[in-house]
Amino acid sequence: MPYVNIQITKDGTTKEQKRALIHGVSQVLSDVLGKHPKSTYVVITEVELEDWGVGGKSLAQYAEEKDK
Amino acid sequence: MPYVNIQITKDGTTKEQKRALIHGVSQVLSDVLGKHPKSTYVVITEVELEDWGVGGKSLAQYAEEKDK
Amino acid sequence: MPYVNIQITKDGTTKEQKRALIHGVSQVLSDVLGKHPKSTYVVITEVELEDWGVGGKSLAQYAEEKDK
Amino acid sequence: MPYVNIQITKDGTTKEQKRALIHGVSQVLSDVLGKHPKSTYVVITEVELEDWGVGGKSLAQYAEEKDK
Amino acid sequence: MPYVNIQITKDGTTKEQKRALIHGVSQVLSDVLGKHPKSTYVVITEVELEDWGVGGKSLAQYAEEKDK
Amino acid sequence: MPYVNIQITKDGTTKEQKRALIHGVSQVLSDVLGKHPKSTYVVITEVELEDWGVGGKSLAQYAEEKDK
């Protein structure tokens, strides 16, 4: 009865990639724990670059600095 | 001092329904645990059909297949 | 296909209360959105008083001060 | 290797404020636990007033009542 | 820079299974999105049967009924 | 009305450090967004080394390899 939340940055992930993520992660849960995919929920959360920080700065800041 | 996160698919939930969800869930916490609603936070998260998977496929895929 | 996470402080919630929470919240989702309870996951998370803060202090600190 | 999720209401938080949040929280983790900011992820989630409830009502309801 | 939270019921998942979950999910993120595993955090959360509900009842209730 | 969840590895964080985390993070929210600490909830989640993965391996695996 697993629930999986995948948080990724919002930078052009396609519909096909999302489907591959959902399929792949459900498969891992099935292979490793024997959980039937029917009982596994996968929720993908896309996060804006301005809203994701690492190293004390937002990813948008790194992108800006790189562009200079 | 409860915090409740309700994740639902984004498929036309109205403002009134959201208010009923917040009211109803706060009431359950109050009835069962005696928590004053003033201390209960409820956060609703709407998830796109493309971002919610079950059975190894996104809900958008099921919708597409149904339409065919 | 809702997923609900209920975070409460760990202070003696009984098995019966947890069951009432799960039942009550699933009922609200069913009443308000017409979601079949079979598709609603509810996960209860109990949080130690030392791990829950409000007003800049942990709930354990308030309990200590009250005891003095 | 901390992960921090900050949920705030969506009411005009600026890019600069988000950057200050990310910087400030990463600094706290570094000061208190000695965690290198490079290993700390901070994710900011903005929540619509209609989707945040307290006291059994959404924040949008309070805003409406106040305007009357 | 993905963050993945896997919530499963606490029913004897071994150390080896957890490692296979972490490895497998990181691999999916790498294969599908090209994310370097070094930047992917995976957090496993085990949930007691009493704390996980579906169909309006806790998983512990189903287990009890089955035993009767 | 912010809610903050801090996930850290479970490796001996003291009661005093947790209090400093709660105080510090509430202060950042107050300084940057003007949110009154009374309305800010902070929840600390400690995660076992076996349950936290990065680079495709659990932190417990890195610890084991280092000990060899």
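By written order: A, B, C, D, E and F. Residues from 1 in each chain.
In this section, a contact is a pair of C-beta atoms (placed from the backbone, for glycine too) under 8 Å apart; a residue touches a chain by one contact, two chains touch by 3 or more.
On a predicted model such as this, the values are computed, not experimentally measured, just so you know.
Trainee: Just to be sure I understand: going only through chains that touch, what's the smallest number of steps from chain D to chain F?
Mentor: When the steps are counted carefully, the minimum from chain D to chain F is 1.
Trainee: Could you compare the number of C-beta pairs in contact for D-E with that for C-E and name the larger?
Mentor: Counting C-beta pairs in contact for D-E and C-E gives the edge to C-E.
Trainee: Over half of the contact pairs shared by residue number: find the pair among E-F, B-F or D-F that meets that against C-F.
Mentor: Residue-number overlap above half with C-F among E-F, B-F or D-F: E-F.
Trainee: Once you find the CA centre of chain A and the CA centre of chain E, what distance in Å lies between them?
Mentor: 15
Trainee: List the centre-to-centre spacing of chain B and chain D in whole Å, with centres computed as mean CA coordinates.
Mentor: Using C-alpha averages as centres, the distance is 20 Å.
Trainee: Counting only residues that touch at least 2 other chains, which ones in chain A make the list?
Mentor: Counting only residues that touch two or more other chains, chain A contributes 1, 3, 7, 21, 25, 41, 43, 52, 54.
Trainee: Every touching chain pair, please?
Mentor: Contact pairs between chains: A-B, A-C, A-D, A-E, B-C, B-D, B-F, C-E, C-F, D-E, D-F, E-F.
Trainee: Residues of chain E touching chain F in their complex?
Mentor: Residues of chain E touching chain F: 15, 18-19, 21-23, 25-27, 37-38, 40-46.
Trainee: Under the definition above, what is the set of chain A residues touching chain C in their complex?
Mentor: Checking each residue of chain A against chain C gives 1, 3, 41, 43.
Trainee: Once bound in the complex, which stretches of chain B touch chain C?
Mentor: Going through chain B, the ones touching chain C are 1-9, 13, 17, 20-21, 24-25, 28-29, 31-33, 35, 52, 54, 59.
Trainee: Flag every residue of chain F that touches chain E in the complex, lowest number first.
Mentor: Per the touch definition, chain F meets chain E at residues 7, 47, 50-58, 60-61.
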